[in-house]
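First chain written, first letter: the chains are A, B and C, and each begins at residue 1.
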Amino acid sequence: MSIRLHEIGKHFGRTQALEPIDLDITEGELVGLLGPSGSGKTTLLRIIAGLETADNVAGARILFGERDVTHLHVRDRRIGFVFQHYALFRHMTVFDNVAFGLTVMPRKSRPSSGEIRSRVHRLLEMVKLEHMAHRYPAQLSGGQQQRVSLARALALRPDVLLLDEPFGALDAKVRQELRRWLRHLHDELNFTSLFVTHDQEEALELSDRVVVMSNGRIEQIDTPDELYRHPANRFVFEFLGDVNHLEGTVRNGVLTCGDARLAVDLADGPEELLLRPHELELAPSATQHAHLPVCVTAISPVGAEVRVELEADWLGEPWLATVSHADYERLHLTRGTRLYAAPRRWHRFPDERSKQAASTLEAVS
Amino acid sequence: MQRIGDGVAVRRLLIGAAVVLAALFLLLPLVAIFAQAFARGIDVFWANVTNHYTLAAIQLTLFIAVLTIPVCLVFGVALAWLVTRFRFPGRRILQTLIDIPFAVSPVVAGLVYLLLYGRTGWLGSWLDGHDIQLMFAWPGILLVTIFVTCPFVARELIPLMQAQGSREEEAAVTLGAPGWTIFRRVTLPNIRWALLYGVILTNARAVGEFGAVSVVSGAIRGQTNTLPLHLEQLYQDYNTVGAFASASLLALIALLTLVAKAGLEWRAARREVHP
Amino acid sequence: MSSRSFAIGLGSTPKRVLPGFGLSLGISLTFVSLMLLLPMTGLFGQLAGLSLAEYWAIITNERVVASYVVTIGAAAVAAIVNAAFGLLLAWVLVRYTFPGKRLLDALMDLPFALPTAVAGITLATLYSSNGWMGQLLEPLGLQVAYTWVGIALAMSFTSIPFVVRTVQPVLEDMPNEMDEAALTLGASDFTGFRRVILPHLWPALVTGTGLAFVRSLGEFGAIIFIAGNMPYETEITALMIFVRLQEYDYAGASAIASVVLFVSLALLLAINIWQGRFIKRLHGGHG
């Protein structure tokens, strides 16, 4: 079932939590709502669920397929909702939690108790918790509780599944596992789902498309790949990963900042360049185009790449670079090593307000 | 935000029911006390309040309350400090024991004191031999009053001190502060409002205790009559206005207690919002 | 739990960091022994002077048994009424905002703050034949003063805060997601309340009602004025103790008091144990 939003905005008192937003989600899509806290992503999700009401303006519409649900009460919207803190009913067993939605249906449409039992067992099998059916939520781990919560939300075969920071309360390892498992489940059952997260890695890994939000506005809607390659603005660029800043003045095609120099193909004037850590190259000597002397202040060799923190007199904030283990060994990096950085690529978002296309340029080499 | 029972009709119905029932059940009696006290005008009310026996009863009641409060305060603080700052065998039992005065009927409370300290009791007969009489005199009233009021301060402090934990005191220890200074400079500022409320509750109960006091006081007019006993006697003598004049004084203390509580809660809530 | 097993693992009790253990233990134990435990010896001393047959005769005296029936019956009615009324008040105070809410909230503590004798004479006056309420109710055939209804009313008045003040914080702490989860799963207001909210409040509601019941069993000052104290009909057990004392029948008073004391303490213990079990199930504790 597709979801279409038209002119959906929200005020809490006088503060605007959400600027009027249009959003189309096609059937079977898995979409991530990504943004920092206070960006309005949870508010948007809760409006779609019917847990909050959007500002009552003439054009505001929420459509599930052809069904207009704008003024429908949450209990009649046929959505599945998964809460960050699971929100399981503590006094009910796992089985009763999953069965709840079925047992509160009006008597006429309610399945027989035998049917309910077999449906709940199928769901518990699906979330691999059939042996836990008679436990109470307090006896389960966080990850298990979240799976129960998901089974409960799916029991009514909802048109759309909405998840509010579903993995936010879990530790890193369980989060990884549940993420993969949700993707799998989504592909298998093919429901339309929308989830909220503040974790860019989670959003990029899990989603077909990502909606990046800030300050109650949609900044960009794109596939993870497009988003990373072509961020629409500085906010998206900065939010999607670590960023190094280089501020200086350009004169005759050379940006100068203290004793740092970088050849750039830009007009004269003050300039700010943004660089990704993996787009920095480290070398014992300066190149013809880049003279950026830095000093290593911290090294973290954990993971696929080595993270190196760099400082220099001409730098306001330290830079972060990631290098391969091979380069790490070749360069004999230790704390205090002095060497030169050279960007492979750099990005700039001149004058945000004019909404000019941002430029990402290959460095001259 | 969507919640169960937020529909307009349901909300109005439930609020209406609660307000009407509470008004009839709780507010009406309060109004009635003052209405009865002033039924024959302010002069009669004043004459009743300034009557010799009433004044004596007020004096005794306040005297008992003034003596009860410090005892309960010391015990309450000591017990709260003990059970929230240390773990030791018997801690849970101690915590249960202090609830006994809440569960015991006041008449039974009076009775056990009468049996112990009365002329027939083992301690009472020994005291009697030394010409000390506790029962049917103010010391007996004081003892039972302490018994029925002793949990209040501890009851207010324990949950608060448990929630606050002992990190701040431990920090003070690491900074070398001596015990008394820790309590005065670190603990006390955190618990002072709960302490105050505990004292207010202790006071309200101390001036109002009836069942236990009526067993041990002997109710001698002008001597061992507290205000609640005094108003009972007036009521039994069909002096309704006199009884309610005394009752209105006690009701006024109750009202002040409620106002103080609301004030302290408002203060606490404000502190939470603006830390 | 974990800190305890940690201590066992070390094979010693951790050293006490904070000062004042000896002092506070001394004060507490002295006070508890002198004020709470020592007086109980008087009661048992008095009871020891009775033979079992005498004891049995006193506590099963016909008039005394009638007082048990009156007390327990009225306390049960008061407790049930308070469970419903208290739940309504707690719900309204937590879930809704309306003008006068602060006043209503403050009013909840009135029965605790108001001396019982004051409550007693006030209720007796209000509900007597020519009182404000009595005038309204008597034409409807409802006699309150000097009947067991009056006793139940007085009990209900003095114990209502127990229910409100135990349920209120639990309802306040109940996460909003419980309501939302029930609603997203299609529950109606009534079903949601019955199947999600009420079970959540159940331990607090039972505890509060239980405490109200225990309090009602021992209440004296608020009841004797409105009860009328007719033998076999409106005499409460606390009054029976009081009457024995006025007749200097200390043995009789003690015997009846021991029954009241035993029942109250047993109920208090039962409430505590029951609550402990329930909480264990909801907050972990495997098996």
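The rule is simple: a contact is a pair of C-beta atoms (placed from the backbone, for glycine too) under 8 Å apart; a residue touches a chain by one contact, two chains touch by 3 or more.
Predicted, not measured: the structure shown is a model, and the values here were computed from it.
Peer 1: If I count C-beta pairs in contact for every pair of chains, which pair wins?
Peer 2: B-C
Peer 1: Going by C-alpha centres, which chain would you call the most central?
Peer 2: The most central chain, going by mean C-alpha position, is C.
Peer 1: Give, as an integer number of Å, the spacing between the C-alpha centres of chain C and chain B.
Peer 2: Comparing mean C-alpha positions, chain C is 16 Å from chain B.
Peer 1: Just give me the whole-number Å value for how far the CA centre of chain A lies from that of chain B.
Peer 2: Spacing between the chain centres: roughly 57 Å.
Peer 1: Hey, how far is the Cα centre of chain A from the one of chain C, in Å?
Peer 2: Once rounded, the distance between the two centres reads 53 Å.
Peer 1: For chain A, which residues are shared contacts with two or more other chains?
Peer 2: 51, 73-74 - these are the residues of chain A that touch more than one other chain.
Peer 1: Got the chain C residues that touch at least 2 other chains?
Peer 2: As it turns out, chain C has residues touching two or more other chains at 180, 182-183, 187, 192, 196.
Peer 1: Identify all positions of chain B at which a residue touches two or more other chains, and write them in rising order.
Peer 2: As it turns out, chain B has residues touching two or more other chains at 1-2.
Peer 1: Chain A touches which residues of chain C in the complex?
Peer 2: Touching chain A from chain C are residues 175, 177-178, 180-188, 191-192, 195-196, 199-200, 202, 281-286.
Peer 1: Going by the contact rule at the top, pick out the chain B residues touching chain A in the complex.
Peer 2: 1-2
Peer 1: Quick one: in the complex, what on chain A touches chain C?
Peer 2: 49, 51, 73-76, 78-81, 83, 85, 87-92, 100-101, 104-105, 136, 138-139, 152-153, 155-156
Peer 1: In the complex formed with chain C, which residues of chain B make contact?
Peer 2: Where chain B meets chain C, its residues are 1-7, 10-11, 14-15, 17-19, 21-22, 24-30, 32-33, 36, 74-75, 78-79, 81-82, 85-86, 88, 94, 96-108, 111-118, 120-123, 143, 146-147, 150, 166, 169-170, 173, 178-179, 182-183, 201, 204, 207-211, 214-215, 228-229, 231-232, 235, 240, 243-244, 247, 250-251, 253-255, 257-259, 261-262.
Peer 1: Would you mind writing out the residues of chain A in touch with chain B in their complex?
Peer 2: 50-52, 73-74
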